[in-house]
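There are two complexes below, and they share subunit A, which is joined by subunit B in the first and by subunit C in the second.
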Partner chain A sequence: MSLKTINAAPGFQDYLPKEYQDLLEDGPFFKQRKVSELGSFKEVIEEHPMCSGCAMTLFIRLVYLGLPSLEHTVICGTAGCGRLAISQGAVPFIYGNYGDTNAVASGLKRGLDIRFPDTPKDVVVMAGDGGLADIGFHGVMHSWFRKEKFTTIMLDNEVYGNTGGQDSGMTQKGMVMKMAPTGKKFEKMDMLGLAKTAGVAYTARIAPTNPTRVANTVRKAVLIAREVGPTFIQAYTSCNIEYAIPTPKVMDDARDVEKDRYGFVEYFSDDAKAYWEESEKERKRLRKAEKK
Partner chain B sequence: MYSVADIDVEICGATKCRLCTQFCPEGNTILYDEIRGTAYVAVDRCKGCEICVGICDDLAKHHAIKMVPIDQIKEGFEISKIGFKRTLVESE
Partner chain C sequence: MAQVKESSYAVVPGPEGILPPAATIMGVPLPEEGEGLVEGKIVNEAEALEKAAIALLTRKNATLFPGPLVLWGWNDHTNDKAKYFFDVAHELPGIRIIPMPDYRPIYPKIDPEAVINPCHPNLTIWHNKIEACVFIGVHCHYANITLRMVRAGTNCYTIALCAEAGHEDAMCSVPNFDIEKLVRFRDAIIKVKKNGIKPLYEGKGIVPTGWAQISRLSGGNIEKPEDESVGAGVTAAFAHELETGLDETAE
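Right, the complex of A and B next:
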């Protein structure tokens, strides 16, 4: 079965919006683009109202680049800053209510597997720390316990950014915010530890200081989720408004935080490790064969 | 009045480093002209965060990007009017 999702009806292409035409001619669909190609092709993400200098926006942009097949991907999100940009991407976006992103994604993934048994369809949940660690926590945990085969990406800005700065479960202990004047009372939640306990196949913690690493990690997580089981990426995406970081210093802050407490770590389950090593070998073999 | 990033085409064209295109938080904003070998800015998309200035100055050490008030930019590239272009050479 073939369903060409990104296409224009013959004769109507000239009447489509310029952005759509650009995506058809120079877009990233049906070929894997690299970080080093950024700027040379039309990206899927259009104009959006996220704040100037937002590290979350940069991370979302790199996620789109890392997705192994954009045309066969559905993104699930929920309330929070991230959806402002994700909803402007030319990739189907399902807006779950607060708390049910991973439940929606579970149903979606199962449905897509039944409807398209021969085509791998990827489902990616991309939401904030509030949407996944606080309000969506039960949905996240149960999707992991059930070993649902999709990727969960947490855009961890360590605050409820667009409601005025309340502390979230992922805020650092003692942090004083606009709406948390006495300081956060509890430790930052250990979502990576919880993921491991719940049997997640691949977990990674990352900051957007190395674009190639971000894209590769996302690709790895989505490919492992296709074959092995749930995967989880926890990404530091600072809120320069609530944490009062001047926009030219956003990347300096990301580097400092990465060095201090948010260094890149990844964890594979035994099955995921075996699968990934095997698929890496296969890719190397194919590359060699292509060269010959 | 607000400022947007302005790339010195001569300095940038000599380096071909492309780092600013990878760190700009906005999609389709810092584009790369393959023929001239230089990055250029869609002035209608730039939100003026200056991350690219920091990347160019501190990481790449090329000092090719400056912030310029929008009304001082003559014939800035506007992606919403012109659409995506692989190169600006034809339109020059």
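Right, the complex of A and C next:
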């Protein structure tokens, strides 16, 4: 496999559908695009069948923007709303069985490192709160304890959205849901605390209110995972259907929830901090050199 | 040598019904090197190539479906193979080319003029009224399910030119399909034409399809697919043991 992958074989370019021609000519491969460039280049996701206004779709779009090298990335997902959009992206996607994502990603990352020792290949798990904190919990925790070098992104809509409103471990205590009519009985799980305990190199909690921050956080998490160890992003991505948030109010809700209990926090292990500071310095130096 | 050479099950154009059995379950074996598989029976390679050539020359709106393994120039081998793919295409008057660039479940909207997708290949075949097709460069696990879906819902004669073991679920298949076999396939097409098979679309070149999207090739000159030859009412809803319907009261 090589960078040539993203080229049609001779003679075939004209037979490709327009979407693919645009991806080849003006896609986000081989260069890091910025939020300010959205709308001016061909994105890897064309359309999706998720509910209109779903905050998760906005977040997923921003994740694609933040990934540092799309052409060398494999995303692992599972059952849940997010995969309906993620599987449409022009980035390799592996559908693990519900609960298997982090085990699949562990094997995949190790295999890619053996197969391509000279090219960093990024593996990113992106799945729901139910998929990661409930049914996939043991796989997530063990991948962290084993220090597997990939990023886990939790699309935390605080509910089983795809199956119609059961409470998950990440649902807030007391929340009444369609299929939790007497209210959630237990506290929201502290996945960030668990990640720290398990030795995760970088963790972040984020809401999709600031697109540049989302893209930068994703980029940071993936680069740290590449060099240091497991990273984890817990993202508030409201389910406007199960939480009855009117579509035009989805971003208002995100801002309110962010202010109330989902503010941006990030945590670096010592190794991750040292690596990140050093690589930031290096990037600044390169930018300066480029300007000259 | 394969142990089983014969099965009473014929892999023929459908529509075979909602749930056709996998041909392998019906005892259809895979061809070995030097062999081909035609409608569930092992034949020699030359015979299989000629059967494929005749289907593509004589059935309506015949189409080549290049898959990711030939479509993308991901190594020197695929870049070389592309040339021989087009050599074959140029021997088939009126042939259409519709790519399967990847296996993303294109959803909610597929553009069946421009693309074929393994999750619903029948849509592309119905829409373009394709009665013979070639799958080439499609990974086996997707080709298998695609071929069954096509057999289930369409009257299309499927040909799988497979780089690996061949496909029982295609009406015609040849294994280990490398550049040499592409050359032999081109020669087989030339031979059957010489032997008197008259191409249905004599005198035509490659017909650009997905016209809305590849106007660069067609120059806006749109050629709609011809109506299919199988009319309504000929199709079976179920095949084989399902023909009589399921006994819903059975325990």
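Convention: the second predicted complex is superposed on the first by the 289 of 292 C-alpha atoms of A that agree within 3 Å, B and C clash if a C-alpha of one lies under 4 Å from a C-alpha of the other, contacts with A are read in each partner's own complex, and residues count from 1 in each chain.
The criterion applied here is as follows: a residue touches a chain if its C-beta (ideal position, glycine included) is under 8 Å from a C-beta of that chain, and two chains touch if they have at least 3 such contacts.
In this text the structure is predicted, and so the values were computed from the model without any measurement.
*Asks:* So in the superposed three-chain picture, is A:Glu47 touching just subunit B, just subunit C, both, or none of them (first/second/both/neither)?
*Replies:* In the superposition, A:Glu47 touches subunit B and subunit C alike.
*Asks:* I'd like to know which partner A:Asp26 touches here: subunit B for first, subunit C for second, both or neither.
*Replies:* The first partner, subunit B, only.
*Asks:* Does subunit B (first) or subunit C (second) touch A:Phe12, or do both, or does neither?
*Replies:* Touch partner of A:Phe12: subunit C, not subunit B.
*Asks:* Looking at the overlay, what does A:Val200 touch: subunit B (first), subunit C (second), both, or neither?
*Replies:* Neither subunit B nor subunit C is touched by A:Val200.
*Asks:* Give the label of whichever partner, subunit B or subunit C, reaches more residues of subunit A.
*Replies:* B
*Asks:* Looking at the overlay, what does A:Gly39 touch: subunit B (first), subunit C (second), both, or neither?
*Replies:* first
*Asks:* Now for A:Ala55: first (subunit B), second (subunit C), both, or neither, which partner does it touch?
*Replies:* Touch status of A:Ala55: first partner only.
*Asks:* Could you look at A:Ala90 and tell me whether it touches subunit B, subunit C, both or neither (first, second, both, neither)?
*Replies:* The second partner, subunit C, only.
*Asks:* Determine where on subunit A the residues touched by subunit B overlap those touched by subunit C, and list them.
*Replies:* In subunit A, positions 18, 47 sit in both the subunit B and subunit C interfaces.
*Asks:* Going by the contact rule set out above, which residues of subunit A touch subunit B in the complex?
*Replies:* 18-19, 21-22, 25-26, 35-36, 38-40, 42-47, 50-55, 57-58, 61, 64, 211, 247-252
*Asks:* Quick one: in the complex, what on subunit B touches subunit A?
*Replies:* 18, 21-28, 30-32, 34, 39, 45, 47-51, 53-55, 80, 83-84, 86
*Asks:* Spell out the part of subunit A that touches subunit C in their complex, as residue ranges.
*Replies:* Against subunit C, the touching part of subunit A is residues 1-2, 4-12, 14-18, 20, 47, 49, 84, 87-90, 93.
*Asks:* Which residues of subunit C touch subunit A in their complex?
*Replies:* 66, 70-75, 78-79, 81-83, 85-86, 97-99, 101-102, 104-109, 111, 114-115, 210, 213-214, 216-217
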